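What follows is a short report on a single structure.
Letters A, B and C mark the chains in the order given here, with residues in each chain numbered from 1 onward.
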Amino acid sequence: MTIQRTWPHPDIQADLAALRHQAPLIHCLTNIVASGFTANVLLAIGASPAMVIAKQEAGEFAAMAAGLLINVGTVTSATARAMERAAAAAADAATPWVLDPVAVGALAWRRRIATDLLAHRPTVIRGNGSEILTLAGAEGSGKGVDSTATSTASLSAARALASRTGAVVALSGVIDYVTDGAEVIEVAGGDPMMTRVTGVGCALGAVIAAFLGAGCPPLRAATAASAVFAGAGERAAARARGPGSFAVAFIDELSLIGSEPDGN
Amino acid sequence: MTIQRTWPHPDIQADLAALRHQAPLIHCLTNIVASGFTANVLLAIGASPAMVIAKQEAGEFAAMAAGLLINVGTVTSATARAMERAAAAAADAATPWVLDPVAVGALAWRRRIATDLLAHRPTVIRGNGSEILTLAGAEGSGKGVDSTATSTASLSAARALASRTGAVVALSGVIDYVTDGAEVIEVAGGDPMMTRVTGVGCALGAVIAAFLGAGCPPLRAATAASAVFAGAGERAAARARGPGSFAVAFIDELSLIGSEPDGN
Amino acid sequence: MTIQRTWPHPDIQADLAALRHQAPLIHCLTNIVASGFTANVLLAIGASPAMVIAKQEAGEFAAMAAGLLINVGTVTSATARAMERAAAAAADAATPWVLDPVAVGALAWRRRIATDLLAHRPTVIRGNGSEILTLAGAEGSGKGVDSTATSTASLSAARALASRTGAVVALSGVIDYVTDGAEVIEVAGGDPMMTRVTGVGCALGAVIAAFLGAGCPPLRAATAASAVFAGAGERAAARARGPGSFAVAFIDELSLIGSEPDGN
């Protein structure tokens, strides 16, 4: 059964209001390319970001955070250990956490790292088609960090991965899908410009963690984050000359969405 | 005794003109989130930024720089060693330096790193209330990187820390305070939007280092940086739709402030 | 013999169209300050960026990429090993690659790293006057990352370095020069604002790699990248209030240049 959700569905409005009210502390172990943009996206949406990356601190901090993002985009030996400790601590402390397996389709070393992290039971796994296909056990087809598998074709892999791991899977593409293995939610919208700014997908993983940190159930958190991104992306595209002004407008729109007098 | 200072006080105008004339080389050992923004802020204000982070180079470079910033936001084992060497070399070479003890209130490992760095006698310590309270020996109350202690309540801790270490302490909050333990300077102004862009506080530490590098005495350097930030922040907020456009306008205003025909 | 090239020379238009058609995958081992901006520049111009920095992956990924950038701006022990492996793999796999020897004029440790990388025969070396003078064996005169040697005065060093290494040398300055030791191409234009945004030079190295990855011969690739940057920089400066809005407009213009109805 597939249902559609787009902004401004009342559930999503309610979840965004809850996020802003709580301003959850979100611990991010993410890549060096997207760190600044991700922090700004979290601040714009109303969360409180903190990047704590040392292996000596990552576990302690994951336990005190409201939500955790682990993104393997620029993983190294040093950060892999921090990720392992953060994921383990999150699982112990019941901190909800999001795994973003960037480019696991292309590179065997990080495929192993991401697969090992699954043992700590991520709450949500967010990726593009080739990343989800790879984690689900299919043959990777990733060309770098971009997906060459359409998200529609990857949907059955997403459902299988969700069923096997117990995580909700958020599959990004022209249309986003969110699934727990049984239910499938389709989130349409957004704008192609979102693929021309670095870190938009990475920041989506962080915002899913923020909705989780505000207490949303996983299916609903991933749906809300995807729908808010799609809505803000459409509004930003309408104001942009190119990807530079789009990125700026996207941050603005994330801070404004849901704050209008009619609540959307 | 507390005095007020805001842009465009003549002393601050003079110090900014001196900074622009000298374009001091500022060595930054800062976090991965704020690196790009910090470099752009330094360029906008008229300084010359350089991020040199290897332990093999940090000491050598700190000795040749006009000013140094050490910010522990994403400190790791590797960068902690580089920070130690840079601080030691700065102390030896009489390079003025700024310590930004990000989130020491929340995390014990970096609290030790920051405390150890005090032995190299930072020229200025910049932090929010909970960070300054922690370094001053009070119990930390930090929730991640944001302060939960009001800056007013932290002022006595700032004075005590300044007296004990010999550093000027710049306490950031709704109102900024700068103190050498005896004198207290209050810098009002700015805009709440400044807390919704990542790295603004981190960049302030770098700009304090830039004023130091241009030859300003510590109390005056921290005051000038805070006042220029507040002034540029107000101007940028007047042009912004949200935090995305605010960040862009803030960089623009930092480059424009003080360049008007009347000098402000 | 020196010839001039500026946008919109037909060769450059053709090369840019080829780049956009192929969307080459560009592997970047670059500094933490410029990573986000570099990725956005590559996306804007039409390439596909990927930052893969672990020593376990850098070689494998360099072999599958269409082009590689190695920039030593924030090199550490860990990333130096990744760079070594990436350069070796690129040489083996005939992946064209660009070396950006940031600040080798100022720091001996990275001078050795950059010099060792020359053994893997970079396709293009991009730097400012003091960096090129240093690599060419002259005495470095670098103050941090900015050049204190004029690019004109460094031109003979660039020719000598090109002749000795077999690389094309792209010498950045008020006027850019591209040389293979014999031929010299002069690319005028651009705007002083380009020196007031961090990472513009670093991103130029990445865009040279993108033109190489699209199949352009080295002299032509470095020329096209420099000319497109100069053209986009002029257009962006016409729209900017300061360096903040310039950086945004520069990304926009990189995405728009060459897409007008008349092809420029």
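Please note the rule applied: a residue touches a chain if its C-beta (ideal position, glycine included) is under 8 Å from a C-beta of that chain, and two chains touch if they have at least 3 such contacts.
Small disclaimer: the values here were computed from a predicted structure and weren't measured.
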Chains in simultaneous contact with subunit A and subunit B: C
Same or different contact residues where subunit C meets its copy subunit B, judged by the half mark: different
Turning angle required so that subunit A lies on subunit C, C-alpha fit (0 to 180°, nearest 5): 120
Inter-centroid spacing, subunit C versus subunit B (mean Cα positions, whole Å): 32
Shared-contact residues (touching 2 or more other chains) in subunit B: 32, 35-36, 78, 247-248
Contacting residues of subunit A [partner subunit C, same complex]: 31-37, 73-78, 103, 106-110, 143-146, 196-199, 240-245, 247-248
Of subunit C, residues touching subunit A in the complex: 25, 27, 32, 35-36, 39-40, 43-44, 48-57, 60-61, 64-65, 78, 247-256
